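Take a look at these structures.
Next, two complexes with subunit A in common: one pairs it with subunit B, the other with subunit C.
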Partner chain A sequence: MQVKEKTNFFKNIIAMRGMGQVISVSSALVMMCIVFSILNPNFFSGKNISNLLRQVVPILIIGIGQSYVLITGNIDLSIGSIVGMSCMISATLMTRGVNPWVSALIAMLCCLGMGLISGLLVSKAKLPPFIATLGTMIVARGIAQISNNNYNTDAIGEGARGFRNFFYYGQTLGLFNTVWIGLVVFIFFDFILSRTRTGRHIYAIGSNIEASKLSGVNVVFTTTIVYIISSFCAALVGLITTATGGLGTMDAGNGYELNAVAASVIGGVSTLGGQGILLGTVVGSFIWGVLNNGLQFAGAPVAIRNIVIGIVVVVAVLIDIIARTGKVKKAKE
Partner chain B sequence: MKSEILRLQNVTKVSSGVTLLDQFNMMVYKGEIMGLLPLNTHGISAFLDVICQNTPISSGCIYFNEKEKNYPGYITESPNKVYVIEKTSSLAGNLTVSDNIFVLRKGFKKYYISNKVLKAQTKILAEETGIHIDPGEYVDRLSPLQCCVVELLKGMAGGAKLFVLNELASFLSSVALSQFHKILLHYKEKGYSFIYIGSHHEDVFKICDRAALMKNGRIIKVLDKKEFLYEKLMPYILDYHLATPSNFIKGKSPLLEFDNVTTENLNSLSFTMLPGECVVLLDMNNTVIGDILMLMNGQKQPHSGSIMFDGRKFETRDGRKALQKGIAFIEENPTKTMLFTQMSYLDNLCFLVDKRDKGIKLTPKIKKSIEKEYYSLCGPDIQAVDITRLSAKSLYNLVYYRIHLHNPKLVILIQPFSGADMYLRKHLVSLIDSLKKRGMAVLILAVNIADNLAVANRLIIVQKGKNIREYRQEVFRSIDPHDFLVGQNA
Partner chain C sequence: MEEYIVEFKHLCKEFPGVKALDDVSFNLKRGEVLALLGENGAGKSTLVKILSGIYTKDSGEFRLFGQEIHNLTPKRAQELGIAIIHQELNMCNHLTVAENIFLGREKVRFGMLSNKEMNAEAAKILGKLNIDISPETIVGELPVSKQQMVEIAKALSTNAKILIMDEPTSALTSREIEELFSIIKSLKKQGYGIIYISHRLEELEHIADRVTILRDGKFVTSMNFKDTTLQEIISHMVGRELKEKYPRISCPRGKKILEVRNLNAGKMVRNVSFDLYEGEIIGFAGLVGAGRTELTRALFGADPIDSGEIILDGKKLNIKSPIDAIKAGIVSAPEDRKREGLCIKLSIRENISLPNLDSLCNKLGVVNKKKEKELTQSIAERLRIKMPNASVNAESLSGGNQQKIVVGKWLARNSRVVIFDEPTRGIDVAAKVEIYNLMNDLKRQGIGVMFVSSEMPEILGISDRILVMCEGRITGELDINEATQDKIMEYATRFEKKEINSRTA
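After this line comes the complex of A and B, so read on.
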């Protein structure tokens, strides 16, 4: 009886939509790790693993935000600029003597406001998400620049030591706090997506928006919430960036929106909406991180790293589309 | 005395100066299947809107569940508990059956979702229908029949007492329709009510308790079950059945030949077609149409067997090549899927001209000449710049005359009568006939027989991917179309 229950449990896990891609991408990740460890035995050293984890967490967090948006069938291009906005607002306030936690809270609220605007533009004003978030991307970058009169900030100083330790330097149970933050964010948002009504509504909107409306799903509310979640994740990464560098830089988060898309789609989140699980985003982030880290270890220049990651993203999307159309055909047959 | 679930009393609805519903009267009892036979499509959308959403009406009154719910000047707080099942699904394909039934509905309160509980509840509901449905299966992997059952269960879980079944025969195969009818009868006994909208009386008479004829937004006649006779309908409907003479060239070598073709859904399918012949391929399980289409436009190759076209082995991996070889396609609802709304009528008409095998270059002079030649057929519509303002009849003309101009050897039509009202269907019969008169062979792929016999020279019944029976035009009169609709002859 117990064996049967266990078999059913694993059967259900494997039958979960998106799990197939997670398993195949995880296999690719394992193979990549093996290749990089052969190229450089230090790849698996404790220090490198620890660094790798810290490098991956920001991509994982914004990847989670982007995954939420992608599952509704939309996209958020403002993520990178919101990272910069959060970084600059928090750092500027800290350098002007505001309590670091209050600064972080204010930065977070401003970023959530941007998410609210993006969400309303997409859901209420019916702007195409690409255009709406392109607009908020430019506005958010402008706010990041104007925060300190078009200058990067000075160092946030000793007063922000607690803040920096909490977000980046501190350790708990042998793991950097950044990693714990990533873990908590993943567990919380994975629970919301897979176990709650809101999560089902997010999938439903991406799957069939008209049917969702007819079934009583508040599409405007849910879509807006999704953009707010995306901004929350970006703002959190902005705070981690501030803690990491100890100052605010205007170009913080540049290009992060595309890294977030990369992490999501590599992990099986469909750009067509309605499909994907956050476990895939975790694996996708690690693929991104391991590629970056491994190629760096192998001495590949930045340009080559970018080319490789770009190719991986395109191949991942291609596989998704082929698998999806193939599955639909098969299902119809 | 039976209690009523819905009553529309002298309902008139005028929108933008157009009378959509005109003194509309209808009553549906609890536990009744009420048929609605619209002779034209005028007013159908307005009817659905007023009974589902309680949209404002100009006069009259609507009662739902014996309560006054809609009259001029009164705006109800909530829509009626009416669920519409139609071709456009109200399900989210990427969610499971249990999610669609329970989570994706108004009034689902629980925030934390227990898959185990939902699946158990779904299983109980699904078992009652007698159709196997896995509660954990994703909806986009279900068959059309299973989707309909899930919609029915979703409506019930949402508290609906009245279901509108809109043109089920246009997307359910004969076998599936027959199974769904049994489920409807089961729930009818349990007190649920249904409005069964169908374009064909054969379909409506089979399952309904009463039937109402609707024309121009008005109920013109209500028939009781004992009056379900074709003779009773004759004063109201157009008779165009079996009007087409057989005019294909007998004795000639076949134009198209399927020889034991096997794919995922075709099971050694064999049939032949002569030039100028019209063959209707009735797909009893609604599985083979997609495969035949993909085989003919090069998207799929047979696993075994061969296809001969015009005396040569037909092998193509490119839809354009199929067009050049003389095979044209007209999709289901072509006015929505095959026309370019940004182009003028003439540009749409000429769209295939330069895609012939030895294509001609479409110069302004040639266009002018085409306009002159087709003016007699298309009339002033040919000068239309904005085709969206044209009537459905004009748009169908455009689709079919474009094929005339292309002049292929074979035209493959997918469910040509789908979504068309009686008058349009009569016109479509003449349009299909005009293809035959031009010597083109016509292959109709259909999931129900209605109207197709009016144009067919031969009927092929395909079940489970296999040609199980053929009828020639001479014996059509002895066929009872009823049997195909419910799949009893299959």
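After this line comes the complex of A and C, so read on.
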């Protein structure tokens, strides 16, 4: 009896939507780690591991935001700029003597407002998401630049020590706080997506928007919420960036929106909507992180890292498509 | 013997589960207009698709211009001179008339488009048809009737000899129809063979030389138009025996549930009024495009309502979206399962629980998985949905079982009105009966059932009352005791009179 339940448990896990891709990508991740540790025995040192974890978290967090948007069948190009906006607004306020926590809160609210605008443009005004968020991306970058009159900020100083420790330098139970933040964000948003009504609506909209409407799903509301969530994630990463550098930089988060897409699709989130789980996004962002870190350790220049990561994105999605269409053919026979 | 340019003998075509064409013989002469008639699903479009190379025949003989034809492809059909003018026009709205006419066959000189030549050629073809349009006009700026003429011109420019027109007049005004008919007549004189498909029987007298009638995939008759009457044509179209058994139950008629007054929504719902009572199933009959689906969409809040009242249990409703309709107690199983009814990438369980999440969630919006499982289980058992388990994708089920999910997801709610739009389309007989039983079940519980179907036998077999629609209006109401297929057909073709002067061109 006991044994039977156990196999059922594993069966259930494997049968979960999107788990197939997660398992195959995880094994690729394990293999990658093995290769890098052979190339460089220090790869698995405690110091490198904790560094690696801390590097991955920002990509993981915005990857989660982007995954939400992708699962509804949309895309959010603005999140890289929103990272910059959050970073610049918070740092500017701190250098002008505003309490760091209040600064962070104000920056966060501005970013959520941006997400609300993107969301309404897509859901209510029915703009193609690519165009709508291209617009908000440019605007948000502009806001980042105008925050401190087109200059990066000065150092946020000693007063912000608590803030910097909370988001980046401090440790709790032997792990960097950043890692804890990533973990909490993942658990919270995974719960929302997999267990709540809003989460279910997000999958339904991505799978078939017309059927969702006709089933009484509030499509405008849910789509808007998703953009706000993705902006929340980006704003959080912006605050981490401020804490990391100790100042605001105008081009913070540049290109992150596509890194976030990469992490999501490597992990099995479909850009066509309706498919994918956040665990996949976690593995996807780790692949991104391990490749970056491992290649850096092995002495590869940035250019090579970019080429490799670009290839990995395409190959991961290609394998997924081949696996899926292969399955469909079999089912039809 | 006269010369046939198209000749089908004993043609058969089978799709999984349906015999679309069963031993059909059909022919077309040079210089005649042949009206191809039949109800929805009689096999007209299958026949046309075989003729134009989209489908291949299973068996039978097929001759074009006296030559036996095998393995026809759409491209080959075009080369042989067959052209179709579809009901929905296939034009690139942003291109000019000439660019559309030569689309895919552009004339090129030294690698560059030679617009001059194409415009001149297009003007020549248009002139031959007496169509007064400049070849450089953007197609999207033309009225529909002119676009259609451009389409005809395009067909002729490919050297077509056989023209198939599918409901060409449905979007035209009476004046435009006149113009079209004079073009058809001149084409006829020039020796083209024309297959004319239309539900508007009254316009046939102006152009048809011969009619061929199909019914349920079988050839019924072919006769000269002069020798017959519209009455005779209608009875040939519908004249099947009703031998299938339908599980009708009778309930006493209760109080009025739904009252619809002068409802207008878009072009396809015009001044619709009807009542729905407890313990009855109202059937909505009509031809494809009569506005029945549009009516259900308007009632369900899927399309905006322009004017009119919807009164449920004495209370006036203000329905702006499906959310409002569902809250009020009106639910709908839409016509197109894959497009509107199912999230095919989600599991059966998720599909069934989607509209019921309000009752399956706690205050924080967390889904109670146990309740969800129980709900799915009870609905799957009630409808006998055949599935390996409720976690598999809805996509993997058969059509009948998918349909049961589309319907079943509404059963957990206390609805007052359930709309079924073509619920039995494309599903097997056993599943059909289960859907009928379900409708009867709802009727017994005092829930109002609206049943839209294009299949007359089932409408006659299940409904207590039949409303017939045509062009967005309700053109007739029949009690089940007086309803016959002929009467339904008569109401379904009661188009608004378009005065056509039968002027010979």
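As a convention for this text, the second predicted complex is superposed on the first by the 319 of 333 C-alpha atoms of A that agree within 3 Å, B and C clash if a C-alpha of one lies under 4 Å from a C-alpha of the other, contacts with A are read in each partner's own complex, and residues count from 1 in each chain.
Quick note on the criterion: contacts are C-beta pairs under 8 Å (C-beta built on N, C-alpha and C of every residue); 3 or more make two chains touch, one makes a residue touch a chain.
None of the values given here were measured: they were computed from a predicted structure.
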Room on subunit A for both subunit B and subunit C (clash or fit): clash
Partner chain in contact with A:Leu173 - subunit B first, subunit C second, else both or neither: neither
Partner chain(s) touched by A:Asn218 [first = subunit B, second = subunit C, both, neither]: second
Which of subunit B and subunit C A:Ala204 touches, first, second, both or neither: both
Which superposed partner A:Ala125 touches (first subunit B, second subunit C, both, neither): neither
Touching partner for A:Thr196 - first (subunit B), second (subunit C), both, neither: both
Shared contact residues on subunit A - subunit B and subunit C: 15, 17, 195-198, 200-201, 203-204, 207-208, 210-212, 214-217, 274-275, 331
In the complex with subunit A, residue positions of subunit B that touch it: 88-95, 99, 103-108, 110-113, 136, 138, 140-142, 154, 264-265, 287, 290-291
Interface residues, subunit A side, partner subunit B - complex: 12, 15, 17, 195-201, 203-204, 206-208, 210-212, 214-217, 274-275, 328, 331-333
Parts of subunit A lying in touch with subunit C, wherever the complex brings them together: 15, 17, 195-198, 200-201, 203-204, 207-208, 210-218, 274-275, 331
Residue ranges of subunit C in contact with subunit A within the complex: 300, 302, 321-323, 326-327, 332, 334, 339-347, 350, 353-355, 357-358, 360-361, 364-367, 369, 391, 396, 409
